[in-house]
């Protein structure tokens, strides 16, 4: 049986992680092709509802990534985002959303290798967890019964 | 109770306010909100342990606001809500007088909101023992078990929005749930729509909720949705050192500290 | 650390040093501050910074010289080098490893015989009594090194001052201590 | 709370006056103290020179025993033992695998709950606050406080005082009425671990220390380590022959100096046991 | 109905080697609203761009998706091309098929599928895009230069000479900075003050320069072209207009024993003082922390003697507010002091000094009038030791970097010593000699070869005093790390160059990034060395990293050129990717409830309150409003708004929502 290929959506900021992922490209570092990047001006712009929407629409895992603390292009967008994520993550955990499927990271424009690593480890860990059937059932998304190989 | 009625009459008679918001005897053993606009009606005012509805929810309602300056009988949760609303520019000394009621049913005449704030700040927001027990029980579950718990609990919700109407903090003129470009939250009352609605509401109340339980009390299906906000209060305490409604307007999620501690960002 | 794609790779003895002590010999930029501050460097055949340099080369001949050096035995692990190293290189920890390795490979410098005997006598005392029984240890050490007369002048005044006990104070759990030695040091090595 | 006491081998043998003076001072200040039952040698330099696991297993056994015996805090007057115990604590807490391996060797678990004090930390915590009011015979001498190696190094692990130019002993001695001198060899090594096996080096290393203290007018050298004391005291013949002159300033444990200042009996402090006569 | 054009680029073979571009074009071409979909070898080439322009005109496209490299690379190129063909440039977006797909994945179906997904996502986004117009903002053509050292002086003069107004502020009583403290300068040994003072005077006299000494930046508001800065002019307790600078007060002041900052503590100054004889302005200030009148309430001797009656004890700090269009940061550096190096004994022995103190000893205007004498007893040292890298390249002490200037000034110091003390012995302990620069290495060689300075390769472990000598313990690593001990009379430490105290605070005030050592960060290490990541704020000199004089001057001129370039236009054009608060019927309303939590969240204070009134002028509602000049477009407010009343152009709710939807649903 073919290995389960998780769908991973990445929400990243334009100035650090998007640029870092560009550097992964220019450095020709290979990583898993399961990830799809959505670009935002800043992690401060990333609405938590979008993360839920991604799960609604069938994502198995999510990456949220931006500038390291103190590196924010807008000085403090990432600090706001960090607080919001802390609250968001608590609530997810309390409601029973599998927080292992949401990876938060700081990837700077210089950390091309780190980006590849983040993607690869996320893909591997989500693959290990299997498809997010629990959520898909609630979201009335098709669940492949035998998909976990 | 006489003090309360006297004070209400005085405020109306001197035209200090146009309306006094309080409680009256409702049907059965219930109490309901009373809007005193002339001094005769003031005799209907009551206050006892049954009066748990958070009257602060009325001060942002257009119908009430349009009457003119208001006075409100306020227990501790109501006072907290008033301070939070003031920090969000919804009420101020020009349009609201607070008649405080202590746990011993004594009246406090507050001169201004600053005094209310000082009073409120004597007390921390604390989760009661019964709910703490439930939270502890939930904490001990696996995420999957919690997921099942919440899907089950929330599934009967038919989105009557009584919780929203009862909540003093849900005063938005347009709720996210009513937003349709894009449709963030499914309108239908299915499992997903219910989950997302209550999830979003809990997020919106993080750092703002005054723990008055009005939402859960208002729910016709007795869904314990207040557990969500209580959990957020608990976590705010451990993650950010807690919060208090404050006239300075420092909201928990709209501010930050550069050294906020987290342990999950890689 | 796990996300560091650049694994530290160095072959030879320097690599072994890293695996066993996490000391990266490549971190040394040869400023010489360790050698300058080492109280024993003038008695060493290679001062600490030279040892670092020799390991950096990865040259087997130089590595052999390191293991056979007197330096590693005369090092007192006084930690001065580590305290002042601008790169925080834990040289004493590395020295411990090199000593262990030198004994294992039977390459210990002949001049270090006395020092090694001292350590072994010391540990034997601990092994059999759980503690360092000074007279027994002295006797053992003197027999090992045949330096019977050295220091003997100190013994009577020490006994007079009550500084040496004639009877060893034994630990209760002697089998426990013996088992610790059994599990850590293979018999043939001591 | 009862303070645990790990004397270590020297304090039971060649440096028993250190133990005597520590216990005398502790008693004078009404501190509850209890020797760790069935303790063993920490392995000292010998163990870590020859075998890494042994050098961790021996101290770990001591810590396990202390923990089992309900001791939250132990005082380790010997600086070398203090460093060995602290380094073991550090290594074990840093590396869980190692912790498991050592527990296996020792047949004893250690959970890392014991806090390890050197003698100065112990004095600072329990004696210093009341010291000045207790002084009856101010220790009115110029003293060179000698810290040696293992009280301050490795600093990353011990995190005690400053690694260069430490001051804690000087501050403490000043409270007894002494005048601590500023000198250059506070933390230079005396060569103790080569004391027996390479006596020639020791004359030179210790000689520089005693020489500098004497040159700068010290009337006593104050130490907090049995190795340093034995070396500077018992090896005075080699020291003097290295220096080419006779220097007879005594070497006192800090607890002996404090004991004298608060009027304890000289014999109870073990002063008669020194090789260089204590005339101060 | 949308008419989207999709243009898939092969990027030579960079994309097409792993992505089946033709297939992508084919699949995407079938999507709703896609009017044309084609692939081409080089989209960014002229023919490639012409393909797009032609399609826009011929097909009447409402949106364009270029699937090629990273938008960070060519987004401006393609947006410009679209604009040239008459399509609003913000209707053009890019899908990143190269950096995020073809370069990072192996050739195969999964990679082509990912490319399809990425393009589809952007197509869906463009369907929701709106035409936007660039924002134009006016430019205030006055520059603020912070710091009056050589970098600040040079930047001020260059900007002023290009015809623009400059406000130069300096926290000390005089401009001149570290350079005014130096004796001679390497590699030419010309006198530092001789070349600096004419510049200082020029600053003071330039009609375009307003100089505020004893002044600091209080606060800043605004954005490029439109900053509003508040400057705190600390009270000098002197009426500068009346003071003639005669200096009588400084001779009469009874409070004389205060360590002089200018002489690095090697000399004293009075409480009312001019830091040094060539100071600009050459007028005294009263140091309130030291003055007997301010501390004890009695004295006023200076007032009694002042012939011009210029003393003003009641003077208070003054805050002035000025509009400026650009800012040059030239706040310089400091040298590491205190007991950072206890093993070297600095601060414990008076004859162990820093390199900057040695400059004062060697300077003709210094406390010893240029003779090298020991601070302890005034004797001329017969043996002197220079320790390089005292603090620099020391990871354990938190300064892993090379301070860059020390190798050169240490060689200079040793040389000056040999010139001044005949028969003296000098030693330099070094690890590497970094003398990259015009005539630099020759200079060091001269010290060694001609002046007989002894260079020993090894780091000093310890310095201590013994019998009136300073014992320096080192090792000669070129002799097998042989221990070396030198009995010296004086030791000079080349202490590390570090960021100024308060640099971090200033950077935060200005929203400028800084490195872990608190040096200000340039916007790009190679291509934007004088810009910061805050538009309109530039860097000059050693506030960015340790720099020598020629480099500081070059940087200052570079920053000045950037400022002049900015001032050459009357208006700036900014991207319209900013937040807006919605407005909706009837007639002008908003769903905003006016909770203003967005206000506290905004890093730029760009959110204001706006009253919505009816025809009678009664306030119906107070809502949030975004100041387009201040908003930088981070969108933090957007994610925060509960009523979804704020949205950000270019990344609207609908745009990002449709992106996510399209990503997961094919």
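Details
Note that the chains take the letters A, B, C, D and E in the order they are written out, and that residue 1 is the start of every chain.
By definition in this document, a contact is a pair of C-beta atoms (placed from the backbone, for glycine too) under 8 Å apart; a residue touches a chain by one contact, two chains touch by 3 or more.
Predicted model only: the values in this text are computed from it and were never measured.
Interface comparison, B-E versus C-E: the higher number of contacting C-beta pairs is recorded for C-E.
Farthest from chain C in terms of Cα centroid separation is B. The most distant chain from chain D, with centres taken as the mean of CA atoms, is B.
The central chain here, found by comparing per-chain C-alpha centres with the mean of all protein C-alpha atoms, is E. Taking each chain's centre as the mean of its C-alpha atoms, chain D lies 51 Å from chain E. Measuring from the averaged C-alpha position of chain A to that of chain B gives a distance of 34 Å. Once the centre of each chain is set as its mean CA position, chain C and chain D turn out to be 21 Å apart. In chain C, the residues that reach two or more other chains under the touch definition are 3, 80, 88. Of all residues in chain E, those touching 2 or more other chains are 343, 601, 640, 653, 657, listed in ascending order. In chain D, the residues that touch at least two other chains are 163-164.
Considering their complex, residues 339, 342-343, 348, 464-467, 471 of chain E touch chain D. For chain A in complex with chain B, the touching residues are 48-49, 52-53, 56, 69-70, 76, 79-80, 82-91, 93-99, 103-106, 118, 134, 138-140.
By the touch rule above, chain B contacts chain A in their complex via residues 138, 143-151, 176, 184-185, 190-192, 195-196, 199-200, 202-203, 206-207, 228, 231-232, 235-236, 239-240, 252-258, 260, 262, 264-266.
For chain E in complex with chain B, the touching residues are 591, 593-598, 600-601, 622, 640, 642-645, 653-654, 657-658.
Chain D contributes residues 9-10, 12-16, 38-41, 43-55, 57-58, 61, 104-107, 149-150, 152-156, 163-164, 187-189, 191-194, 196-199, 201, 205, 234, 272-275 to its touches with chain C in the complex.
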